[in-house]
Amino acid sequence: MVVLRDAVVLVGGFPLLSGVNLDLDPGTLTVVTGANGAGKTSLLRLLGGLVTLTSGAGTVSGVDLKSGDLRELRRRVGWLGHEGSFYDDLSVRENLTFAAKALGRPTEEIPRVLERVGLTSRTTTTAKLLSAGQRRRLGLAWLLLRRPETWLLDEPYASLDDEGRTFFDELIAEVVRSGATVVVSAHDPLRSSSLRPRTLTLAGGLVVGDVS
Amino acid sequence: MVVLRDAVVLVGGFPLLSGVNLDLDPGTLTVVTGANGAGKTSLLRLLGGLVTLTSGAGTVSGVDLKSGDLRELRRRVGWLGHEGSFYDDLSVRENLTFAAKALGRPTEEIPRVLERVGLTSRTTTTAKLLSAGQRRRLGLAWLLLRRPETWLLDEPYASLDDEGRTFFDELIAEVVRSGATVVVSAHDPLRSSSLRPRTLTLAGGLVVGDVS
Amino acid sequence: MIKTLSQRLLGPVTLVLLALTFWLGLWVTPPDKVQGNLARLLYVHPAIAWVALYVSFGTAAIASALYLWKRTRSVVMDRVAYCAMEVSTVFIILTLITGSIWGRPTWGVWWAWDARLTSTAILGLFELAYLALRRANDDPDLRARRCAVFAIIAAINVPIIHFSVDWWNTLHQGATVFTENGNLLVHGIMLWTLFISLFAFTLLFFWLLRARYRLEVLRATRYDVALDEALAQRRREGVH
Amino acid sequence: MIRIALLVAGKDLRIERRSRVLLWQVLPFGVTALVLCGLALGPLHAGNSSAAPGLFYLVMLLVALLMINRAQVIEGSPGTRASVATLGLDPAGVFLGKALALAVELWLTGVVVLAGSVLFLHTALSGTLSALPSVVVTLAALAAAGTLYGALSGGGQGPATLLPMLSLPAFAPLLIAGERSFSDALHGGSLWRWWVISLVALAAYLAIGILLYGVLEES
Amino acid sequence: MIRIALLVAGKDLRIERRSRVLLWQVLPFGVTALVLCGLALGPLHAGNSSAAPGLFYLVMLLVALLMINRAQVIEGSPGTRASVATLGLDPAGVFLGKALALAVELWLTGVVVLAGSVLFLHTALSGTLSALPSVVVTLAALAAAGTLYGALSGGGQGPATLLPMLSLPAFAPLLIAGERSFSDALHGGSLWRWWVISLVALAAYLAIGILLYGVLEES
């Protein structure tokens, strides 16, 4: 569940978002698109509690963006950005073990998750040595372990190969079916036609197009 | 001009490239594709003098990869990687001014270059504040100022918007016509049909497919 | 009504009291038996030190604590903390200067590694560090939280400074005005002058704080105006 | 809280062990710095061991600054921080864990630097040994304070120069207390007076960290 | 070469000026470190000013380590380095430019720390002034050496802990020469004997840098 009303985000005096209104229901997939610098990443960062709302109002996964606990919010959303989202100096397996233990999950799930994202052959490789696409996959594995309520994915297709994109589409379809709210920023349309996402177009920090 | 003979690159005991043979002529465009971790980035890094050849032989822009001067090599190639390729703490314009002065070029070219990559409205923004696509564009602007003999571009489409990709295709077409050797790694086929690139497929650090 | 009146009177009253302090301190009170005219610093240095340590730094620390407490968290607290800290830095530096001026003739050195002097200097360094921390962060929310935590840590110093003269036997004057058994060591007109100086410098602090706070609010409004402009421009970016 | 602390400490120590920075860079640095400080003071001062406690803590301070910085760098890019934030780790546990890992590293370095001080500055061995309890506590306090300051200084994101500026005034009392109690130990005096100060500082920093680390991490 | 040197120095100083790290972090750090060193030595030693030259250079050494690190961090990520490498800048020019920028920063800090030393450590003002020429040269040598070592230690890519380890032994002679000539100045002795050593060191480091910086940059 995501609600935004006239959301404005200013950083260093520059409006990253200049008044966004949004209602996203659980179990839906939204693709955010728009020109470079339109504010896609900024929107996702706002929803993930990584930047604070300057004015306006908003709720994500039941947490108020203005007065709520941003730590609680971050605990409920899953975030995958351009940069790596794990410890660069730990191996693939150690990263996932750390996450599982921190979440109190059984570490037995890990081999299954690795299998799923296609990193089984790289379990002992230090994360910083992974290729761009493999880093993406490790980030997805970390999310898979957590299965958050709200998924925020910034250009997930970038640097994923064909097979990776197919896996990703399947994953998203499954997650959306299970009732999560998924927001994806992308320059390419998603490939799988079965997903039928809602497409928002941003420009100048505003929503200027909305196609379901 | 690029020639590789049985090129092997080992880093930390792991073979990033395991025996690549390659002949690329000036005035051609080559697209390197392949699954995640296949060795695309590694190949480009080898050609750019950013990793050293372990065994085999090779020449890029007339510089021998084994015995030649890697500094000289780096001066002749243009490189655009995943990360930013400019000073994060300088503004867009300052970055280009620095490059122009270092190259002994007139700084009057800069507005034209900025116009071309579509960053005119961001000239005074500090580079680290740019969006992902704008960073790509700034990297391209830096290359445009230099116009190297050999262009090595790692997933240039990633995070460029539609207009940016069109601009990029035009740029590449122009550069190839003027006689440069261009190597691009990509997961998506290039869009412009006029380019007619040669497509190499990598797997396990080897060239396994070659379609012109 | 009363509020505006008191606000308007704050400046003049401060000036009058300061003038009174100087008049009493320089002309009316007698020179000391031991220290001679040097003792007149008694009406400047303790008052400034008192303001630096308790009034201004205290204000900053309390405002910081209130900021950290969820229910009283507001921009106002952050601003008060910052402004008070800035004024406090000035007073700490004045404490060091007046102390040094006093120390040169009485102890023979400008500076000594005495417990109170050192701990005061350390508090000054804390305050400088606070200002550096303030400037190193752009995000207002983050900045406010980091600075508040830092101010709390710095506050540990205050009791150390106060009790340093008892814990370590040092050069610096022990409690002079009020000793532990409640005896007054300073009498008559001197005592009165001392009290007036305390009051005058305390008012001076509030006066400075108010001026500084206004400046901060002004800055914020100017910032808001600039933001509206930036917002309009950013929206225009989206039109075409 | 304890479980999380151990998890975090384990992760930090594992990364440090793997990078071998401690063994190959920090330890030699500590000894080199000790010798150089001796040089800087000139043969006159360094020769007699009365300067040794001060030098020891000065060097440990430098080492601590390096390690605090590393402990924050380990936490990685903003992306990593964002992901780790989504794990919802108890901030008090994270604080304790990072402080514990830092303390372990400081203890290890401390032992080596003390050995260097006995060898090169001719510090009395028996006095050094009897100073050990105070050293252990002081270094732990340094670790707790340092972890707090690491987070305060922007968690490795800001320029690394902010950290020394912020932490030096806070480390000063620790330094003094440690130095005095080390000196007392060397002269066979009673330890506990200054030791108590280190203990109180340790307790204070632990308390502040447990209560407020969450506030710092929040954004 | 000179053109490139000025271009590079201009860029470095512009970035530093913009970040205000020097003003708000390094300068206060220098003064704080001085005061703390005074504390670490205990009132006995700090009181007399014979320790002042050593402390001054010790602090400047710490400051230099911070700034060398920053000068390398400025050069950015591997991507940036790769791009800048493609500009084919004359390495001798780059070396001179970076050394110049570092020297300017060290001189500024040096003046402030000297002032602090006069104020807090009671160093004689006249002696301090007559030591200035030697301080200027020594700090310039430190800058030249530091730029070289910054590149050696992996150009800000490796852990920042490598730099101190590498550079401390090399800085030792500089430190000693600077300290002695400062001491001589304070006691009214002749300056030039130690000063010559600093000058020779400066010349040597400049020569090495101009000749060999290119080799270091290579990979």
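Every chain is named by a letter (A, B, C, D and E) in the order it is written, and numbering of its residues begins at 1.
Keep in mind that, in the parts below, a contact is a pair of C-beta atoms (placed from the backbone, for glycine too) under 8 Å apart; a residue touches a chain by one contact, two chains touch by 3 or more.
Only a predicted model underlies this, so the values are computations on that prediction, with no experimental measurement involved.
K.L.:
Would you pick out the chains that touch chain A and also touch chain B?
P.N.:
Common neighbours, chain A/chain B: none found.
K.L.:
Between which chains do we find the greatest number of C-beta pairs in contact?
P.N.:
D-E
K.L.:
So how far apart, in whole Å, are chain C and chain D when each is placed at the average of its C-alpha atoms?
P.N.:
32
K.L.:
Counting only Cα atoms for the centres, state how far chain B is from chain C in Å.
P.N.:
Here chain B and chain C have centroids separated by 58 Å.
K.L.:
Taking each chain's centre as the mean of its CA atoms, how far is chain A from chain E in angstrom?
P.N.:
From the centre of chain A to the centre of chain E is 45 Å.
K.L.:
What whole-Å value do you get for the distance between chain A and chain C if each is reduced to the mean of its CA atoms?
P.N.:
Whole-Å distance between the two chain centres: 48.
K.L.:
Which parts of chain E, given as residue numbers and ranges, touch two or more other chains?
P.N.:
Where chain E meets two or more other chains at a single residue, that happens at 19, 24-25, 28, 32, 35, 39, 42.
K.L.:
Can you pull out the residues of chain C that are in contact with at least two other chains?
P.N.:
Within chain C, the residues that touch at least two other chains are 122, 125, 128-129, 132, 136, 139, 141, 237.
K.L.:
Return the residues of chain A touching two or more other chains; collapse runs of consecutive numbers into ranges.
P.N.:
Where chain A meets two or more other chains at a single residue, that happens at 12, 14, 52, 82.
K.L.:
All pairs of touching chains, please: list them by chain label.
P.N.:
Pairwise, the chains that meet the contact rule are A-B, A-C, A-D, B-E, C-D, C-E, D-E.
K.L.:
If you look only at chain C, which of its residues touch chain E in the complex?
P.N.:
Where chain C meets chain E, its residues are 109-114, 118, 121-122, 125, 128-129, 131-132, 135-136.
K.L.:
Taking the complex as given, what residues does chain C use to touch chain D?
P.N.:
68, 119, 122-123, 125-126, 128-129, 132-133, 136-137, 139, 141-142, 145-146, 148-150, 152-154, 156, 160
K.L.:
Per the contact definition, I'd like the list of chain A residues that touch chain C in the complex.
P.N.:
8, 10-15, 18-19, 38, 52, 202-206, 208
K.L.:
Note which residues of chain E are touching chain C in the complex, please.
P.N.:
Residues 20, 24-25, 28, 31-32, 35, 38-39, 42-43, 46-47, 119-120, 122 of chain E touch chain C in their complex.
K.L.:
In their complex, what parts of chain A are in touch with chain D?
P.N.:
48, 50, 52, 70-71, 74-75, 77-79, 81-90, 94, 98-99, 101-103, 139, 142, 146, 148
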